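My structure is below; once you've seen it, I'll send some questions.
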Amino acid sequence: MLTGIHVVLAGGDARQLEVIRRLTELDAAVTIVGFDRLETSFPGVVRAEWSPDVLRVADALVLPPVGTDDEGVISAVFTEREMKLTDAELSALPETSKIYCGMAKPYLRRLAEKHRLGIVELFERDDVAIYNSIPTAEGAIMLAIQNTDITIHGSNCMVLGLGRTGLTLARTLQGLGAKVKAGVRREESFARAYEMGFEPFYVSDLARHTGNLDLIFNTIPNMIVTAQVIAGLPLRAVIIDLASKPGGTDFRFAEKRGIKAMLAPSLPGIVAPKTAGRVIANGLIQMLLEDRQRGNAT
Amino acid sequence: MLTGIHVVLAGGDARQLEVIRRLTELDAAVTIVGFDRLETSFPGVVRAEWSPDVLRVADALVLPPVGTDDEGVISAVFTEREMKLTDAELSALPETSKIYCGMAKPYLRRLAEKHRLGIVELFERDDVAIYNSIPTAEGAIMLAIQNTDITIHGSNCMVLGLGRTGLTLARTLQGLGAKVKAGVRREESFARAYEMGFEPFYVSDLARHTGNLDLIFNTIPNMIVTAQVIAGLPLRAVIIDLASKPGGTDFRFAEKRGIKAMLAPSLPGIVAPKTAGRVIANGLIQMLLEDRQRGNAT
Amino acid sequence: MLTGIHVVLAGGDARQLEVIRRLTELDAAVTIVGFDRLETSFPGVVRAEWSPDVLRVADALVLPPVGTDDEGVISAVFTEREMKLTDAELSALPETSKIYCGMAKPYLRRLAEKHRLGIVELFERDDVAIYNSIPTAEGAIMLAIQNTDITIHGSNCMVLGLGRTGLTLARTLQGLGAKVKAGVRREESFARAYEMGFEPFYVSDLARHTGNLDLIFNTIPNMIVTAQVIAGLPLRAVIIDLASKPGGTDFRFAEKRGIKAMLAPSLPGIVAPKTAGRVIANGLIQMLLEDRQRGNAT
Amino acid sequence: MLTGIHVVLAGGDARQLEVIRRLTELDAAVTIVGFDRLETSFPGVVRAEWSPDVLRVADALVLPPVGTDDEGVISAVFTEREMKLTDAELSALPETSKIYCGMAKPYLRRLAEKHRLGIVELFERDDVAIYNSIPTAEGAIMLAIQNTDITIHGSNCMVLGLGRTGLTLARTLQGLGAKVKAGVRREESFARAYEMGFEPFYVSDLARHTGNLDLIFNTIPNMIVTAQVIAGLPLRAVIIDLASKPGGTDFRFAEKRGIKAMLAPSLPGIVAPKTAGRVIANGLIQMLLEDRQRGNAT
């Protein structure tokens, strides 16, 4: 249980509703900010306006998965008021409290460092990233269905990167009957891909494997689908880039060659906000419980 | 080869482009009607206006998959002119020629009968229906992703009917990590479902299996998802009805209870027109070749 | 329940223990013959010696899955005494009673016909054959592992016939990571094989598909793996023939060419007698219940 | 190519034949010892007797996968003469040469250390261990089929440890239609198991998950299937322990309780010597090539 833990949850989208629900179930004291347009009633939850004051007794400040943008703005779909995270707010937070988000941009990172406040990035956790890979893969599948005139079944697909997201996506495509090439860099990943029935290759040889592709999915957060790679693709190929902004594709060149390419961020929140919210809630709660235990231990 | 065979192809959507391409590849003499807004050039193909005259030497009249509507109108997305199939046209067709479509409605059936012309319904063929089930299943998957806030992975799905479409759909859902209940009526289907890892039940017991469902997919062309069944569903459940119009769902009651339900016809043409076109083209060509051989034999 | 139904169960192997257990559970009156060497005690079951008398009040005579051999001998692993089914025994059976077995050989068929007694062949039922295909496939897998020096994963396998057994076997091999070619004769089977991710071909083209095989599994009960086919196989290939005796392989030629080939009958009873027994028991009970209902109805 | 590299290969079983074949293909100078009973001729390969002399110009000494036993004896199925690795032999090896095996026991490790010779343990490499996990899993499947009276399909299986071997085994069981519980210790493994459709649990809770098992497969090289765990198993359960000697099972207690339990070492060499030999050959060759490149670089 989280009895006695005070959580302030600021901004976010439908995913946060699941987080709120779960926190209250575990008896945390929850204050939410940035949900004025939301009708749902959460028994026991306090609604507040964004201000340093609301943070003064918080043990945890929960931001949306993306944290803040480069100017500190907290995205919040359930309000029209702007909420900004600045020195004022962080000064108000008790020094023992922590900031929770999915991934932190440089702005948030610097601000927290300045105020010597800990940041917990949930998507850094391997387990959270793996759970999150499931809605991500389904989002990618949806885009693939929408953006091709063929079926995924029987198509020639390529997944770049067999990390937490890539492995799930490759399995999902295989489950739909696609032939899946998997681009890796480690011998171990090559072996696992072979065992799992993908056709592995080293990304250093990428340009040699593009001749007959229908779909490329990228999860490597580096420029990897270069102009040279794109030049070797058939015109029908579609590129779906899942890597965090700015992705790993030369979008300018793809457009020039007339090849459909899209950056597809934030899929879990789009295609499965409830599942994605549960993933975040579970990760958050686990971190809070661990912190509390650690605190109790000392 | 189809050398010497004269095919008139009237109306249709993107799927027919694949049909046209394949017919010309096999050297059939092809006349297309209802494609005036289409830029693509098909070398060797004759474009014509809709009139009885165009049919006078046709060995085959190829209609869109849906045939005609109840007034004889031929759907045609690449023209704005209306094309109607009436006594005038069928009188012009040589008596040895045949009419090809996916499924024939009563209007078309009666008209052809009156003129003693054979109708070939491609979707009646088991192989064509099975190939077609692949884009259908992917369309259903797309709808499921779009219309739920959870992932298919880990969800509780039900597929009603394990026929040509249902089996493919059940396998596809399983490939995505769903738990799949399969509603059947024959003991043999029950056994196969068990062997394939679905959880089979008899549709006569349907009402007993609805308690914890996230998604119901229906392929049985009868009223099966009745008010009683819907009353037992959790409110979050979504019904996707694939059966041909009017489907097998009491949509009125679903709406009343606030349960999302949708009739989802013609998925192959929507999500994978090229694959769907190839399926039709392959089926059509096989029928034409068989007819020709039979003709030669006599 | 089977209260009041008198079943005489004669001979068989470990599979019949499951049948006995289930019949008594359902309150049938059970007499067993040919189990003198078996220690297990079955409360409520009567043990008897083989004689016409024991059959005089039987509603059902349950024989082992193979029925009798060509001389009428009932195989029975739990006794050393010979049991023979002859005119004497069948004359004793009431004319309303039926004989149950898996498959009936000509001897049994003729004898039953002569005495106008119904024979029920459980393995004729599609559902029973499908359930039975599961232990059959696992037996074939075991033989393949034992008889090759490579893994099934990554191997080139061929399954001839995609019927009740072949489909299960093809799926099982695929689940282990083999590449599976499936030989069919119907277009519908070809389409389903394609949908399921096998590489289908028509058995009429068999000779063209043997060049690179590691394993051939046959389920077609006709001479199909002929000398010509075997001549085209690589020497390392192994043939596992599941079809009922004499199988569909030219074993003499295979031996001459030095290619390992084996007829592999009765796998379910060998690798999974308990599962196989349950399959038989379920099928038998269902038939008895249906018969009783039909009886009651009249 | 391995031109100019001198390899001495001493002892081993059928797997080493593949290694010899591949080394000669790549033009290494190969001397084999302990193959006197083998008829196969390997063109260009030198056969020798075991003696220090044979090692004086070796760049690499290739031992069988298990290295030596605790007294230094090299296992060798193709000879009756004993070969022992002692100070005498290692003194003869050039100091730049290396010893290759699958896994090294303490005896070998100490001896090599004393002579300052490098040991390369191929099975330590993640990729080799993953490739090797495939024949291991098939061996485990074979044992499971042989040692139960039910099918794997539909059975309740447990895999302890989702490492390189466990993951492959769990996938293989799933591919055969088993319900698979996977025992892990890391949250990340828990998440991946969930994504892959296994039912994950923490091994710390093992005793709570044994109630309804048919089969337990252990890959954790620690005492884990303790008397307490075994006490909770149904009597029909079968334990197959794959962990290296002495395994992780209380075999004494299993026997006492009448539960079938078996230690199953060295499966790849038993069920798929050719595949297993290729895995070793590939790993070995890669290491030799890397070493040579490193050598050239300096």
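Letters A, B, C and D mark the chains as written, and numbering starts fresh at 1 in each.
As a convention for this text, a contact is a pair of C-beta atoms (placed from the backbone, for glycine too) under 8 Å apart; a residue touches a chain by one contact, two chains touch by 3 or more.
For clarity, every value in this text was computed on a predicted model and none was experimentally measured.
The fewest steps needed to get from chain A to chain D, moving only between touching chains, is 1. The greater number of contacting C-beta pairs, out of the two interfaces B-D and A-B, is seen for A-B. Of all chains, the one whose mean C-alpha position sits at the greatest distance from that of chain D is B. Measuring from the averaged C-alpha position of chain A to that of chain B gives a distance of 38 Å. Separating the CA-averaged centres of chain B and chain D is a span of 53 Å.
Taking the mean of the C-alpha atoms as each chain's centre, chain B and chain C sit 39 Å apart. Residue positions of chain C touching 2 or more other chains, listed in rising order: 134, 153-154, 177, 194-195.
Taken as a contact graph, the chains are fully connected, with every chain touching every other chain. Touching chain C in their complex are the following residues of chain A: 153-154, 177, 194-195, 197.
Taken in their complex, chain B has these residues touching chain A: 14, 134-135, 138-139, 141-142, 145-146, 148-154, 172, 174-177, 271-275. On the chain C side of its complex with chain B, the touching residues are 125-128, 130-131, 133-134, 167-168, 171, 187-188, 190-192, 194-196, 286.
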